[in-house]
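Below you'll find the structures, each written out as structure tokens.
Each of the two complexes below includes subunit A, the first together with subunit B, the second together with subunit C.
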Partner chain A sequence: MTKKTTRRPSRAAILSFIIILAIYVLVFVAEQVLPATSMLFTVLKKGATYALVAVSMNLLNGFTGIFSLGQAGFMLIGAYVYAMFTIPVADRASVYQYFNGGIIQFTLPWFLAMILAGLVAALFAWLIGLPVLRLKSDYLAIATLGFAEIIRAVFQWKELGPVTNGSNMLRLFPNFNSFNITDADGHVVVYLSTIVPFLIAGICIGLIVLLLHSGYGRAFRAIHDDEIAAEAMGINLAHHKRMAFCISSFFAGVGGAMLAMYQTTVQAKSFTTAMTYEILLIVVIGGVGSITGSVCGSFLFVACSEWWLRFLDNEQFIGSFQVPLLRNGFRLVVFSIIIMIVVLFFRRGLFGTTELPDLFRHGRKESALK
Partner chain B sequence: MNVEKGLLLLHIDDLHVSYGGIEALKGISLDVYKGDIVTLIGANGAGKSTTLRAISGLVPIKSGTITYEGGVIDGQSPQQIVSEGICMVPEGRRVFPNLTVLENLRIGAYLRRDDIQPDIEHVYDLFPRLKERSWQLAGTLSGGEQQMLAVGRALMMRPKLLMMDEPSLGLAPLVIRDIFRIIRTLHDEGITILLVEQNANAALRVADRAYVLETGSLGISGTGEELLNDPSVKEAYLGKARS
Partner chain C sequence: MLWNTVFPYLLSGISVGGQYALIAIGYTMVYGILRLINFAHGDVFMVAGILMVYAVASGMPLWITVPLVLIVTSLIGFLIERAAYKPLRSAPRMSVMISAIGVSYTLQNLVLYITGGLNKTYPTIPWISDTVEIMGAKTKLVTVVTPFLTVILVVLLVLLINRTKVGMAMRAVSKDFETSQLMGIRINSVISVTFVIGSFLAAVGSVLYFTNYPTVIQTSGAMPGLKAFVAAVFGGIGSIPGAVIGAFIIGIMENIIKGLDVILFKAGIISKPLGLATFSDAFTFALLIIILLVKPTGLFGEKATDKV
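And then the complex of A and B:
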């Protein structure tokens, strides 16, 4: 009689949990064993950061059906808020050298600054959501894109210099390497610089997954499926859309703070529209509506763009034969071709709407994919 | 059948609704009594669906009043109207295709904060097919099953007034019979039903009271029986037998 139980902690869920746990253990061990300069860790750190931002974008675009392209703007806000509040007071004079050390003369612990980064991003989302969320699809996308551009300009504005340091970069704030535990001589005893971003991203993505399976998440997905029917069920469209927008922006802000840690410096001009497109690409390639897809897509994307395809940018020799075409920039050509192939053969992204536990579940999901 | 039968539940007085410049409803008035099945019949574009949408608060009304349980409800938000017990089964079913059957039912009870498990059981008792497909995505159900889910979803709010917009649309005759059987069952449970149908024959057979809508205004009205036998209704909506 135990054939068809609907109790939630199923075999598939347990297996998924074990796999995720194994990945974390593997990352931790690898960091202790392999040289810290290995490209692998660059990819893992940036991948974890992008994974969080991609999932936050998926929450909005894939699950709630709000097509927003403001992600880079919210990341910028997050990165700046984090950096501004964590630069040690002693270093402020040198960072804000053109603005007499700036006007913020205190320092927050990194995790508080990170939460603040998310909150400020969410506040901005709430404000621009008031007018912008009345728009639909393409118009909404363009409006949010415009917002991101405006934010980028505003943060470089000289008059705001005492706060944002104008167009000069913010630096000397705690970054991922600050998490490594060192002994008295400065030698690293335990490496934590990769596992910490993994943990931060993991907790945030976990929260998003919980949200999506709560009543609110169901309402978001219902809005995505059919706005009119959702309204007829008594779901307040404006309220729920604004909430999804703010929550997504909160996590984009946290992601921005992580990006600041990864880059070790922050400068507004690097948060371009191209960054939003990278995230959008990750979401689409991973599968719109799949958290697993966004996470895997992000690591694949970062690995390809930063690591695996790097050799294409340099002249390569097989024996004495020089491989033609290989020169600076060729990597991007190959990368674009790979993306086109993926999109052609996986119309709904690598994962479609499949999640990790579905991979261990037989029958049910296949029928859903018709 | 129903203890409170005979009390006025919904009263519409001189309702006007326009879309842009086009007047979809030109002053209709109708009454729905507790425990009744009231049906609105009429051709395409007569304003049947618009009437239901106006009651649900999904379209703004131009003039007129809608009174429900003695209070004026026009101008209220759809959320308020749903939480007062007016639920709609929308035209074309409109289940949420990427949500499971169970999730669709839970969305139906979105505004409720109490325990909904008994209601889920109740819906599954009414529609055993849905229970079998509890974990299936609603988009994979057949048309008839989706209609059952749409009805079940509306029942999750424990409606006092259930409004059904063309529940027989696009369904096979056998399935239509099932749907009307369900309408009778719900009626026996004491739910007041406002039914919009193009399938006038079937609708009039279950109706306690029926109204004919003609391009935005009310035509004749009467009991279902009366309208079934009315020559003009016969001719226009039931397909007069060739003489």
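And then the complex of A and C:
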């Protein structure tokens, strides 16, 4: 995952690469073997999506030190752009039923739409960044949060209905299941619906890691550590902050498009500040300033909230004794208490600032980042 | 003629403004002292609403439930500060903010668990739920009561801050955290008092607010909370009169925008509704961004200097 400055890859880098490769192979094999309805795949798909968004947020909040809470807004843009351009022309009349089929009457291939989703999100970020990035710490947080809310309102405006479908749902666009290869009868021959999101997220996160190890990445970290010192060293603060903001939003946009694929429908009202908070909590659980942490954090977060803690939502009996408190919603209570414990007592999160290759370097922890 | 169209919106704007003001005070006081955006404050406001629902459902008479809700909410505010913010006193500011977001998440999930995620009907409180007619506009009495009650409470609060020893301590702590500690002010108790006052006012605000919007759900507190925070920033964070004036301006503007389609239509400016009501929430945030760019210290805020 990480590149060392020396030419020859180190033992740690090779080991990390093997582990990541093994995970991909495992996911691919599991998908062919296990039933497609298994909860595991829901978790993996959503986890991959959230991993990308969490890493993009970490790039901004953890590495550059810009505390932005606008993630949900950029995801919304990404999800909408993706959905708007990929709904098949034949289905547009039924999706845009209140707006005469909408005004977009062509479709783009999914990967082009996905890149476009990122680009539009980055464009919006550039525009928003012009005023917002002049602010500091919590003022910046609240201003970006405000922009996310404004974006949400604009996308629901009925005068924009022919483009965005107003406050109605966008649906029938290609989703993760569209990647499965089927034979003539519609039976699935090769399952690809989990490995594709893994590949998309993997490529994007890989790009972010490369960026962080370039000169720009070092500049970002310098800004994070001390803005004034960084500026004195000749780093153009405005330029670098704007870049970090746009790049982070690009990947949040792509993540939004992936979320659209995962959900199979898109509606502006679901992209609330609560979504941003969730992603922020993932970043905190994983460790602010660790890509590995954000990735592991999001899979853990999704697995706990969707799968492993599910049993808490149902009444359980031990013999004839009914376990008290267990009913719908208890899972989330337990979950939020765990999160509070992490926030209060394990402030470094799971990984702190360590990355995967650092785990194999004995006694030289955090060296890759310093 | 046009006045008759505008007046009801103006009236409910003033009322909502007063309710926002009561929440905004909690934000502005906490920010003034801890430099913390207490994201959980809006949820404390919502919890007060839920408490009221359950207190009335348990069959207690109203003269017990209302004070009980106010006291329990203040206690919750106190406990949140002790449990979630005090351990992080020396931590970076962002950690405390993340903790506040965590508390907000926890409160919402806790209420989701208790209520089962259903809309709870807010109990009807006699007298303030009565319908009155002012200048041809029908409204609940609470609309009229709110601004007066808000002003009374704010005057009391300002007196408390300017005339009492606790108030003096609060002013000292908000001026300089460390020096006031050295001067022998017990910071922890001052901070606790701040949270108790803030939560108490939020509880009063919730009684007034939910009488107008008759259902409570776990997410009811998020929007009013954010808007009250914007009001606090607009008025100049740390300034109580600023927060109140900001809240009234935001409440009024928001309601005018809700009715803008009707008003413009009646005035003959537009021929078909444009759906501008969608922007009533967005407007608040647009206002926030404008004020942050033009005058970051808000209407009444003190100028802060950056130290290296």
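What we mean here is this: the second predicted complex is superposed on the first by the 354 of 370 C-alpha atoms of A that agree within 3 Å, B and C clash if a C-alpha of one lies under 4 Å from a C-alpha of the other, contacts with A are read in each partner's own complex, and residues count from 1 in each chain.
Everything below uses one rule, namely that a contact is a pair of C-beta atoms (placed from the backbone, for glycine too) under 8 Å apart; a residue touches a chain by one contact, two chains touch by 3 or more.
The shown structure was predicted, so the numbers you read here are calculated from the model rather than taken from an experiment.
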Legend entry - More subunit A residues in contact [subunit B versus subunit C]: C
Inset, instruction - Kindly classify A:I228 by the partners it touches after superposition: subunit B alone (first), subunit C alone (second), both, or neither? - result: both
Inset, instruction - Could you look at A:A141 and tell me whether it touches subunit B, subunit C, both or neither (first, second, both, neither)? - result: second
Inset, instruction - Report for A:G215: first if it touches subunit B alone, second if subunit C alone, otherwise both or neither. - result: first
Legend entry - Touched partner set for A:D91, first subunit B, second subunit C, both or neither: neither
Legend entry - subunit B versus subunit C as contact partner of A:N236, first or second or both or neither: first
Inset, instruction - Could you say whether A:E306 touches subunit B, subunit C, both of them, or neither, answering first, second, both or neither? - result: neither
Inset, instruction - For A:T353, select first, second, both or neither according to whether it touches subunit B, subunit C, the two together, or no partner. - result: first
Inset, instruction - Kindly list the residues of subunit A that each of subunit B and subunit C touches, one partner per complex. - result: 228
Legend entry - Residue numbers on subunit A that touch subunit C, as the complex places them: 67, 131-132, 134-135, 137-139, 141-143, 145-147, 149-150, 152-154, 156-159, 167, 228, 272-274, 277-278, 280-281, 284, 327-330, 332-333, 335-337, 339-340, 343-345, 347
Inset, instruction - Going by the contact rule at the top, pick out the subunit B residues touching subunit A in the complex. - result: 56, 58, 77-79, 82-83, 88, 90, 94-99, 103, 106-108, 110-111, 134-137, 139-140, 153, 157
Legend entry - Contact footprint of subunit A on subunit C as seen in their complex: 35, 37, 84, 87-88, 91, 93-95, 97-99, 101-106, 108-110, 112-114, 116-117, 219, 222, 226, 229-230, 233, 274-275, 278-279, 281-282, 284-286, 288-289, 292-293, 296, 308
Inset, instruction - Under the touch definition given earlier, write down the residues of subunit A that touch subunit B in their complex. - result: 6, 215, 218-219, 221-222, 224-226, 228-236, 289, 353, 364, 367-368, 370
